[in-house]
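Same chain, two partners: chain A is paired with chain B first, then with chain C.
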Partner chain A sequence: MATLTMQDVTKQFGRKVIAVKEFNLEVQDQEFLVLLGPSGCGKTTAMRMVAGLEEVTNGRILIGDRDVTDLPPRNRNVSMIFQNYAVWPHMTVFDNIGFALKLKKMPKDEIEKTVKEVAGMTNIDMLLERYPSQLSGGQQQRVAVARAIAVYPEIFLMDEPLSNLDAKLRVSMRTELKAIHDKTEATTVFVTHDQSEAMSMADRIVIMKDGEVIQVGSPDDVYHRSASIFVADFIGTPPTNFLEVDVKSENGDYRLVNPHVDFKPESHISESLRDYDKKNLILGIRPENIVLTNQKDAVLSAECLVSEPQGSHQVVAIQLDQQYIKVIASAQPKINPGETVHLAFKQDTLRLFDPETTLAIGD
Partner chain B sequence: MAVAIGNKSFRNVWSKAIPYLLILPVVVYYALFWVRPVLKTVFESFRDTAGQFTLQNYAMVFSDPDFIPAVRNTAIIVVFSVTLEFLAALFLAILINRKFVGSSFFLFVAMVPMALPAVAVGAMWLTGLTAHGWLNSLLFYLGVSKKIYWLAGSEWALLAIIIIIDAWQVIPSVMIILLAGLQNIPVEAEEAGYVFGGNFITVLRKITIPMLQSTIQTAVILRLISAIQIWLIMVLLMGFNRLPVLVERIVYYHEEVPGLDISFQMASGYTIIVSVIVSIAALLYLKVSGAFGGNQEARQ
Partner chain C sequence: MIKKKPTSLAKIIKSTIFYLFVTTLGVGILLPAFFLVSLSFLSTREAYQFPLPLLPALSAKYSLTFGDRGYLLSVYDDFDDEYQTVLDTAELEKMSVYMRSQIGAPYDIPDIEDRIAELESGTDPVYFKARKNLLLNYDLFFKVTRDAVPALIRSLQIAGMTIVISLSIGGMAGYAFARYVFIGRDALKFSVLFVRMFPGVAIALPMVIILANMGFYDQPIGLSLVYSVGSIALTVWITASIFMGIPESLEEAAQVFGATKFQAFLKITFPLALPGLAAAAMYAFLGAWNETVSAIILTQFNPTFAVVVYQTLLGAVGHVNLAAAGGLAMAIPSVIFTFFIRRYINQMWGGVTV
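Up next is the complex of A and B:
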C-alpha cells in the first residue's frame, strides 16, 4: 500500500507528438483513482509510464518515497490488468496466476496457498487446471485480475479492463472490481473512456484531454461543478445542454438573454456576471435540471421534437435553431411529439462558461 | 411416401458426394503427377535391369563406399546448420521486431541472400573461396598476408564451409517465418511478463518462445527437410565425390555415371532411402516438439 506521485511527467513520441504534458498527480493511499478521457488523450500512456512499460521523457514518478522513474517494471511492485486480458495461452490458470510468485522464488506450498486464495476471491478456483482457450472472456478477465492480486502490489493499474466484456458482464464486473479493491486496499489507478464506469467506481476522477489534465475531482465535483465546457459535455448521458447567451444589465440587475430565453439568474450567479457585462457567455445546464412547469413560470417554451421513453424516466428533446436541448422528465405524463412544453431551469445548478477560454466562471 | 423417402435419400447421397466431386480435380492431378512418379521410383528401386524383382539395388547402395560418409556428412550438416540457422534467425527476428530506427532497411538487407538462386550462391562463393578469390583479397587488405586455401582443407573444414554458406543463404527465410510468428504475439502478453517480474531473458524463455512454438515447428521442419537435401552447393564448390552427401549421390548416379546400366537403379535406391530418412526425421522432430496432441490448448 502506498501513495503514487507524478511530478511534471511528460511523454514525447518522436519530435512532435506530446502524448502527456507536464502531468502532476498525487494518488492517496488506498484511493481508487480513474483516468478518464476520450481516446488519444494520453491516459493510457500516463498509466504505462507508471508501470514502466513506457519511458518517461521528463519528470519523476514516486511510489511512496521511492523514485521509480528509471526502474524496470519488475522492480516497481506494481501490477496491471490489461484491456485484452493478456493471459498467457500456453500456461494453465494456475501457472498464469503463480507466474510472478515463481519468479520471486516463493516456496511451492506458499505459491499454492496464494493462488488458491486469490482464485477464491475471483471465483475461478474451479478452473485452475484449465488453459485460457477453454475459458470465456469473463473468466479470462478474472484470471487477469487474480494474477494481478496475487503479487500484493503497492499500486494496481487497470487499463480499460472492462471494455472487452459484453454490456451486462461489464456492469457486474465493476461491482466485483470495486469489492476486490475494498478487500485488498491497494492504491488503484483505473483507465477508461467510459464516463459512467468512471462515475460509478472512482473516489476521484482525473479528466484528460490532449495529454493534459483538465479537472481532478470526485464524481460529484466533475459532474455538478464541471470546470470547462469539455468536461460538462463529456460527463453525463445525455450531456449538458449549452445555450449561447448575452449578458445585459438593467438597473443593476443582470439578465441572460438570447432569442429563446430572457431571464434574471439568481444572485449567486449575478455576482460573477459583473465582469461579463454586454459580453457573450455559454450557459450549461444538465438535462435533469430542466423541469417541466406551467406557462407562467416558464423560461423557455418549445415544441417537443421527440421523446425517448427510458422506463424510469423519459428524455424529451426540443429543437432551438440548429441545436437540440434534452430534458429528463418523469415517465408520466407521457409527452408526445408536437406537444408544447414549458421549461424552467433549476437556478442553483446553472454553470456559465467563458466562450474564449471555455472555462467555467464564478468558481 | 416411398417416392418421398427415395428422393430424400438421393438428396442425402448427393450432398455427401459434392465435397468429393469438388476435390476430384486435385486428386487426379496428384495421382498423375505425384503418386505415379513416386510409385514408379519405388518399383524401379526393386527391379533389376531385366525388370525382375530384386534387393540387389539396395545391397549396392549400402555397399557403396561413399554411403556411410554420405549419411554422416548429411547428419552433421543437418544438425549444425539447422541449429545455427535457427538461433541466428531467432536473434535477428527479435532484433528486427523491436522496430528500431532503420529496422525495415536492415530487414531488406538481411533478406538479400534469400533472393539468390543456389547456383548464383555457389558461383559467388566459388569466386570467393579460390586461392585468389575475393575472400583472400579482403583478408589481405585487412593485413593477413598468407593465402588460405579454403577448398583444400580437411573434410571437417569443408563441412564447416558448407554449413556457413548454407546458413548465410537460409537464415533470412527462417527469420521471416519467425518474424511473422513474433508479430502475431500480442504485445501485452510480453508486457504482462515484464510487469509480473520478468526480465528480458525470462520473458523470452517463458513467454515469447513458448508462444512462438508452432511457428518454430514450421520453420525447423522446413529447414530440416531442405538441409537433408543439400547438394548443389557442394557440387558447385567441390565437384562430385569430394564431400559425399545423400542427395549428391542420387544426382551423381543419375547424371554423372549414366553409362552404367545400374545407374538408374542406384539413383532410385538412394532416392527411396532419402525419402524415408526425411520422413522419419520430420516425424521424430514433430514428436519431440509435442506437435501431436498433448497441449493442443496451449496453442490457442
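Up next is the complex of A and C:
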C-alpha cells in the first residue's frame, strides 16, 4: 500500500509525437483513481510508464518515497491487469497465478496457499488445473485479476480490463473489481475510455486529452462542475447540450440571448458575466437539467423531433437550427414527435464556457 | 420409420469427383514410395525379372540336379510357376556366392555338400529352401559404397549445424522483425529472401573460392554455412510471423510479475513459439539433408550422404535395387526427424492450439 506520485512526466515517441505532456498526479494511499479519456489521449501510456513498460522521457515517478523512474518493471512492486488479459496460454491457471511467486522463490506450500486464497477471492478455485483456452473470457479475466492480487502489490494498475467483456459481464465485473479493491485496499489506477465505468468505480477521475490532464476530481466534480467544454461533452449520456449565447446588459442585469432563448440567469452567474458583456459564450446544460414546463415559464419552446423511451425515462430531442438538444423527461406523459414542448432550465446547474479557451467561467 | 434423406445428383457427382481426386493424389504419392521401398528389399534377380514382383519373396526355393558342367541349380519362379535354371557349375563356392548375392537367399557350402550327397544317393532332383536376407541391399550398400557411414555422419553433422546456425541467427532476426520498428525493416525483411533467388549451381564457383579462402572447402562446416544462408531467410520469415502472433503483452505481463526481459522471453515467448521454431528446424534439416548439387561441387574427399547416394545411382547400372536401398536409407533420417518434430509443430495446450 502506497501513494503514487508523478512529477512533470513526459513521454515522447520519436521527435514529434508527445504522448504524455508534463503529467502531474498524486494518487492517495488506497485510492481508486481512474484515468479517463478518448482513445489516443495518452492514458494507457501514462499507466505503462508507472508499470515500467515504457521509458519516461522526462520527469519522475515515485511509489511511496521510492523513486522508481528508472527501475525495471519487476522491481517496482506493482501489478497489472492487461486489456487482453495476457494470461499465459501454455500454463495452467495455477501456474499463471503462481508465476510471480515462483520467481520470488517462495516455498511451494506457501505458493499453494496464496494461489488458493486469491483463487477463492476471484471464484476460480475450481479451475486451477485448466488451461486458459478452456476458460471463458470472464474466467480468463478472473485469472488475470487473481494473478495481480497474488503478489500483494503496492500499486494496482488496470488497463481497460473490462473492455473485452460483453456488456452484461462488464457491469458485474465492475462490481467485483470494486469489491476486490475494497478487500485488498491496494492503491489502484484504472484506465478506461468508458465514462460510465469511470463514474461508477472511481474515487477520483483524471480526464485526459491529447496527453494533458484536463480535469481531476470526484465523479460528482467532473459531472456537475465540468472544467471545460471537452469534459462536459465527454462525460454523461446523452452529453451536455451546448448553446451559443450573447451576453447583453439591460439596466445592470445581464441576459443570455440567442435567436431561440432570451433569459436572465440567476445571480450567481450574473457575477461572472460582468467580464463578458457583449461577448459570445457557450451555455452548457445537462439533459436532465432541462425540465418540461408550461408555456408561461418556458425559456425555450420547440417541436419534438423524436422521443426515445428508455423505460424509466424518455429522451426527447428537439432541433434548433443545425443542432439537437436532448432532454431527459419522466416516462409519463409520453411525448410524441411533432408535439410542441415548453422547456425551462434548472438555473443552478447552468455552466458557461468561454468559446476561446473552452474553459468554464465563474468557478 | 426414418425417412432417408434424398441425395441430390450434384452431391453424388461432387463427392465422386472429390474421392477420385483424392485417390489419384494418394496413388500418385504413395505408389512411387511403395515401389521404392519394395525395390530396396528385392534381390538382384528379382529386381530384373519381368514382371517385377510387387513384394519381395521371404524365401527362395531351390532345386538341384546333375548338369553338363557339374550341378544344375534352379530357382522357383512364382509368376511362371516353374523352376528356372540359373547356374550350371561344379564349383560349390561359386554356387554359394551366387545364392547369396544374386538370389539373396544364402546357403552355406557345407549345406550344399549335404544336398549334393542327397542327390548322389538317388534323390533327383533335390528340392530345398533357404530364407532370404531382406536387408542384403542395405548391407551391401554400406559395405560396398565408399565411405557411406562416414558420409551419413557428416550429413547429420551438417544438418545439425545448419539447424543451430539458422535457428539462432534467423530466430533472433525474426524476433527483431516482429517486435521492433526500425528504419528499413520491411526492405530488410524482404531482402533476406533475395539469397534464395540464386540457384546453387549459379553461385557455386564464388562459393568454392570463398570457402577455400576461409579454409572450409570440403568441410562439413563450410557446407552448413552455405545451407544456412538459404534457411536463415526461411527461418526469419517463419519465426517472425510466429513471434508476431504472440502478443507482446504476454511478455510485458511476465516482466511486471517479476521476470527479467530474458526470463520473459525464455519462459513465455519461447515455449509459445516452439511449434514455429520446430517447423523452421524441420525446413533447415530437410534443406541441408536433401541438398545434392552444392554438396557435389563443394566437397571432394568428404562427400555428404546425398552425394554418395547420387554416385551409387550413377555407378549402379546393374544394381537398381542397391540404389533404392541407398535412397531409402537417405530418406529414413528425414522421415524420422519429420515425425519427431511433428509433435512440436502440433503442440497444443489444453486441447486447443494457441
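Keep in mind that, in the parts below, the second predicted complex is superposed on the first by the 363 of 363 C-alpha atoms of A that agree within 3 Å, B and C clash if a C-alpha of one lies under 4 Å from a C-alpha of the other, contacts with A are read in each partner's own complex, and residues count from 1 in each chain.
FYI, contacts are C-beta pairs under 8 Å (C-beta built on N, C-alpha and C of every residue); 3 or more make two chains touch, one makes a residue touch a chain.
Predicted, not measured: the structure shown is a model, and the values here were computed from it.
Aligning the two structures on chain A places chain B and chain C in clashing positions. Look at A:Gln322: by the touch rule set out above, it reaches neither chain B nor chain C. Of the two partner chains placed around the shared chain by superposition, neither chain B nor chain C is touched by A:Gln332. Of the two partner chains placed by the overlay, neither chain B nor chain C lies in contact with A:Asn251. In the superposition on chain A, A:Val78 contacts both chain B and chain C. In the superposition on chain A, A:Ser312 makes contact with neither chain B nor chain C.
Using the contact criterion defined above for the overlaid structures, shared-chain residue A:Ala100 touches chain B and also reaches chain C. Only one of the chain C stretches 45-53, 81-89 or 117-125 carries C-alpha atoms that clash with chain B in the superposed arrangement, namely 45-53. The residues of chain A shared by its contacts with chain B and with chain C are 51-53, 72-74, 78-80, 82-84, 86-90, 99-100, 103-104, 131, 133-134, 147, 151. Across the complex, chain C meets chain A through its residues 247, 249-250, 252-261, 263, 267-268, 271-272, 349-352, 354. Interface residues of chain B facing chain A in the complex, by the touch rule stated above, are 186, 188-189, 191-199, 202, 206-207, 210-211, 213, 295, 297-300. Looking at the complex, you find that chain A touches chain B at residues 51-53, 72-74, 78-80, 82-84, 86-91, 99-100, 103-104, 131, 133-134, 147, 151. The touching residues of chain A, counted against chain C in their complex, run 51-53, 72-74, 78-80, 82-84, 86-90, 99-100, 103-104, 130-134, 147, 151.
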